[in-house]
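Look for chain A in each of the two complexes below; its partner is chain B in the first and chain C in the second.
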Partner chain A sequence: MVGVSEVLNTVQMGLAYMVIALPLTLSYRVTQVINFVHIIFITLGAYTVALLGLIGLTNVWIALGIAFLLGGALAVLDNVAVFEPLWRRGSDVLIIMVASLGLWIFYKYLIYAVLDKLFIILRTNTLSVLVRTEGFPSVTLGAVTIDGYLIDTVVTSVVVTLALYLILMKTRIGKAIRAIADNQTLAEISGIPRGRVLNFMWFLAGGTAAVGGVLWALFQTTVTPEIGDQIILQVFSIAVIGGLYSLTKTALGAFIVSGTENIVIAVLHDTFGLPLSFRPFLVFSVLLIVILVWPPLGAGGGLPYRFRIRPRARR
Partner chain B sequence: MALDTKAIGLLILGLIIGAAIGYGATAFTGGGGATTPSGGTETAGPQEQQTVTYKIGFTLPLSGQLSSIGKLWEKVAYMAVDDLNKMMASYHLPYRFEAVVLDDGTTEEKALQNVQTFAQQGIKVVIGPAASSQVKAVKSFADSNHIVIISPSSTAPTLAIPNDYIFRNTGSDALQAKALAALVNHEGIKKVVVFYRDDEYGTAFADFFKKEFEALGGQAILLSYASNLADFASEVASLSSKVQSEGAEAVVLISFDTDGANILSHAKDDPVLSKVRWFSGEGIHGASELLQPSLAEWLDSINFLGTRPVFISNPLYEEFKKKFENLTGTDPPVFSEKLYDAVFLAGWAIVRAGTYDGEAIKNALPEVAKHYYGASGWCILDKNGDRAFQDYSIWTIKQVGGEYKYVDIGTYSGGTLTFTESP
Partner chain C sequence: MEFLINFIISWLPIFAIYGILSISLNLEIGYTGMANFGKVAFYAIGAYLSAALTMSVMLSLVGKSVPLYSIEAVQALSTPGTGAIYTHPAAYVGLFVLSLVLAFIVAGVVGYFITYPTLRVGPAFLGITVLAFGEMFRVFMRNYEPLGSTKGLFGLNNPFIWIGNPQLSQGLFALVSLALLLAIYIYAERFVNSPLGRTLRAIKDDEVAALCLGKHVPRVKATVFFIASGMAGVAGVLWTFYQGSVQPDTFVPILTFYVWAMVILGGMGNNLGALLGAAVFTLVDRVLTFAAGMMGPSLIIPPNYLRWMIVGIVIVLVLLFRPEGIRPAKPIKTPAWEAVKEVSEGG
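Our next item is the complex of A and B:
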């Protein structure tokens, strides 16, 4: 039987997935680079709220703000220190993607090293932390209790999505980001300062992903240095369902995946006795079905023409 | 302008790399000691005596699922090697040991890779890996290449095999399952759902528990979960409906620490699961998440009980525990005293073998273990190379002096359940 908890889990998980996957699609669409450091933004966000709770700062809104700034700063740092120099030397997007893969592993072990030192300083286990933070209180409606963290998640994800929409659609810089995503050379010829706009876009993407990391931590409640790694396959699946192009389809993908992980598995378990351990298998079956039946990358088997060519000014 | 950004970027990158190198350097000088080129190296000692340094390999879960305890184990490993060297010096023996620690990411593939790396370096004794599934993965390589493996924590009864190169300094779960079944039965519970990891450890434990519990007249329903997930909320939801539909009175949780803490933190908010009794094995014992007030209060209120392998009233354990607490500020995690003793067993087995040869060390180890009593108690092994005598304690979470703590409230020894405090 699908109960209330399955539905509530689907909502909370779906919203967190959405906030994490949207910036991945955004940064891919603008730069055509699949950025593996995205995993680190999630871990960074999750650890921000976990460590703040550990030192007694238990306001979730402060944690969200700090996570946004840290995630954004890290993304800009990556762009300035690694991606831009590579791009200027004419590296292919594939090379930049491999560089992001290297950065991911570098940061991951840096996180382990820092946490190990914090372990000694705080004299408590920092490698597995239970989240302790406070936002809205829990609400009881009849027999159903809606967890405070779920309300925090709903509020945050609505604000973040709305803000992303407004920035991309209604501001000058948003227009500039979209222009670069459509045609980089043309955008530069039109006088759009590519470097600055990209830095802004990375700040937005990194910050949003870190906020997503906080939301995921609120759901998972136990934070380890592997938290980003453990959900990245789902996040990439969601982005692929969105075709790494459409932000609305990405949001939809988030709920398809979380629905599969909570409701579909529960139904199959109850009706056919499918073992619960089939959950990861089910997610990828759904991904496969979705991209076969409804090819997100365009019926022609790829991105629309204007996204396929990558006009690049090589210096 | 472009040059400036580039320079700043490079500077920041340089700082990060510098910090990482600096960190690495302190970590190594902190406990590792300098590396030597081969398995056994001779150096002139202070008293003109030739000392021989042997390497002991460690494959530990420094990242991945068990990293929260693996990182602490690393500290135990260095502490043990240090103490072993002090002991050798105090006996005026010309042997010294050096730890070579590799991270296996709690995966089977990396554990095997690490044992292969050790083999290439000429290392014949490896301590670890942690999980039974990993021990299974390295077994055939270790057997055919004569590498002695001493796992401090693998408990799956399926790995109790005589005459192999796998030694386990802990009792098999066949016995712990019996202790846990006796405990659940003692609490007057007749029907349970066993919620377990679908790996070597969880599956074997669950099967043995079911057998033992049904022999006592109870009924156990098995429900497994994929162990490599980030979050178990949907599994907990299914567990909840299973408990409700079957009318089970309790849940027996067979988990590691982080997955277990995640499961319990979801179960706390579930209307069905928060009302039933919960029991567990040793996998979750010592996890700091369970001591945080929000979770601990609930665990205390439902009278959460677990079993764990210990050697009852052992002064050497208390000494070890105190030393570890002074070093890290936390309680030693599950199996750390077994890891500590495993290092001593390895060291003395090498000394007894008289040669750094896998087969000789394998033959010497059971003899050494027979006469070794350490922080984990008497280490004598059975014919399968596993710990022969193992007591179990009954643990719970209770408020002690205003703070939640792991407390042992009883024992299971020689088939008898004894409570020292009322559960």
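Our next item is the complex of A and C:
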């Protein structure tokens, strides 16, 4: 039966997915690089809230703030140390993408190694942590109890999305980011300091993704080092639905995927007896359908592949 | 000496497996410019196919009808001396060979069909779609009861285990896998130096130009994907028989990037480089495992994490400081080029 809990799960999951996927699309639009370190931002955010809970700091807003700063700092570090030097040498976007893969693997196992040490220091299992944090209290409306975490998620995601919108659309630096996304060379000729603007963009993207990681931890309630890796399939499907281009369609994609994972599977399970283990198949078929129906770039549109724009002007 | 021999026969199959994987990845990324982030999917298909096929046929040979993942199946298959893999050697070796062939075909066909929707949408999308496909396959296998869900399938062993002498049977398996690697290497060398191979380089350098010259780019790419995925399937079969079991969590996405690190370190766009990268990484891995055994828990970073951290940092550092790898790509060999060289040198 599709009940209230499925709908509530869809909402909470969808909002978390949205906050995770929006910065991926944003950074792809601006730099044409699919950044695999994104997965680390999620893990980082999730562990921020989990470890703060372990040491007794159980305020979700503080955790969100720290996660934002950590994620942003990590993203800027990557950009300064790896992406920017590669770009300056005129490397292909594919090469930069592979470098981000390398960083992903390195960070992931660095996190494992650090947690392993913390395991000994804190004398608790850090490789699987139950999230303990406090935001809004739970609300009971008649027969339906709305979890406090869900309210936190709604508030955070609305604030984050609104802030992203305002920064991108209403501020000077947002305008500069959009200019670089549209035409890098032209933006630089117009006197936009590319390096600084990109650093800001990465800070924003990394921070937002880490905030998404906190929200994802609130949904999962148990945090492991694999928490980011577990949603690769979903996050990339969402990004493809947005065509890695349109932010609004990315947001829509988040709800399509979370609806598929909660409501569609429940309906199929009830009517056809489809085992719940077929969930990844459904997400993958959403991905394939989107690519098949809107071939060039997913639902976000774009140019047909024969006329694809060269990734960017080389120096 | 004894130790060295044991080391080599335990290392050679691993080297062969990763050598095959890195040659196949190199065909895709080094020669054609297709970023495949889901190599592990085809590797897993080969591994699961061979395990399921061999186990079910062997079980029906001894007249047992038990689920593949059950403890009875493991006992019926691999009890030393009386298990099916000891009593039916010919069938066992035959199934090994059959698995190799079938895995090539099945993994290749799956790869071919995956490319249909994705090749038209640019390299980044191909990469993440195949990555998503691999994750889907793994998560599905984790939940698929008939093939053992999270525990996987057990009960197989080296295809020459019935010989009795463990060193001899392992050595034979090492030789067989090395021979397969050599065959695939020679095939890949001939393939990339053929007219089709030159088309691949043209596609990598400039896809639009290749299209304008009348090359059917999507079809050529799909062909390469078929061949490379088939090779990954063959590597998967070798893994099943080397390990004696398959578990879904062997086939995590990181494994693909392990192979990527090999190709990048060795140098994209040349097969010998891919082999070199595979040799370096598998040797380092073996030595790390060995060192960890000696040093025990005194090691600051557990070896399993250290190994992957090295993989990640090598990818980044090589791309930053020596993007062409250990062995830079060379121009293709054709009779015309050789004639030109002869004229220019002979003066």
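The definition used in the following text is that the second predicted complex is superposed on the first by the 295 of 315 C-alpha atoms of A that agree within 3 Å, B and C clash if a C-alpha of one lies under 4 Å from a C-alpha of the other, contacts with A are read in each partner's own complex, and residues count from 1 in each chain.
In this section, a residue touches a chain if its C-beta (ideal position, glycine included) is under 8 Å from a C-beta of that chain, and two chains touch if they have at least 3 such contacts.
What you are looking at is a predicted structure, and each value in this text was computed from that prediction instead of being measured.
Once both complexes are superposed on chain A, the partners chain B and chain C clash. In the superposition on chain A, contact is made by A:S5 with chain B only, not with chain C. By the touch criterion defined above, A:V240 reaches chain C but does not reach chain B. By the touch criterion stated above, A:L86 is placed in contact with chain C alone, chain B being left untouched.
Touch criterion met: A:T221 reaches chain B, while chain C stays clear of it.
Touch criterion met: A:L101 reaches chain C, while chain B stays clear of it.
By the touch criterion stated above, A:F272 is placed in contact with neither chain B nor chain C. Overlaying the two complexes on chain A leaves one chain C stretch of 37-45, 55-63, 109-117 or 145-153 clashing with chain B, which is 145-153.
Within chain A, the residues touched by chain B in the first complex and by chain C in the second are 82, 85, 108-110, 112-113, 116, 275-280.
Contact residues on chain A toward chain C in their complex (touch as defined above): 34, 82, 85-86, 89, 91, 93-95, 97-99, 101-110, 112-113, 116, 229, 232-233, 236-237, 239-240, 244, 275-281, 283-284, 287-288, 291-292, 295-298, 305-306, 308.
Only residues 2, 5-6, 8-10, 12-13, 16, 20, 23-24, 27, 62-65, 67-68, 71-72, 198, 223-231, 233-238, 240-241, 245, 257-258, 261-262, 265-266, 269-271, 287-289, 292, 294-295, 328-330 of chain B touch chain A when the two sit together in their complex.
Residue ranges on chain A touching chain B, taken from their complex, read 1, 3, 5-6, 9, 13, 77, 80-82, 84-85, 88, 108-110, 112-113, 116-117, 119-120, 122-125, 127-130, 132, 143, 145, 147, 195, 219-222, 224-227, 230-231, 261-262, 265-266, 269-270, 275-280. Contact residues on chain C toward chain A in their complex (touch as defined above): 33, 35, 37, 117-118, 120-125, 127-129, 131-133, 135-136, 139-140, 142-144, 208, 211, 252-254, 257, 260-261, 264, 301-302, 305-306, 308-309, 311-316, 319-320, 323.
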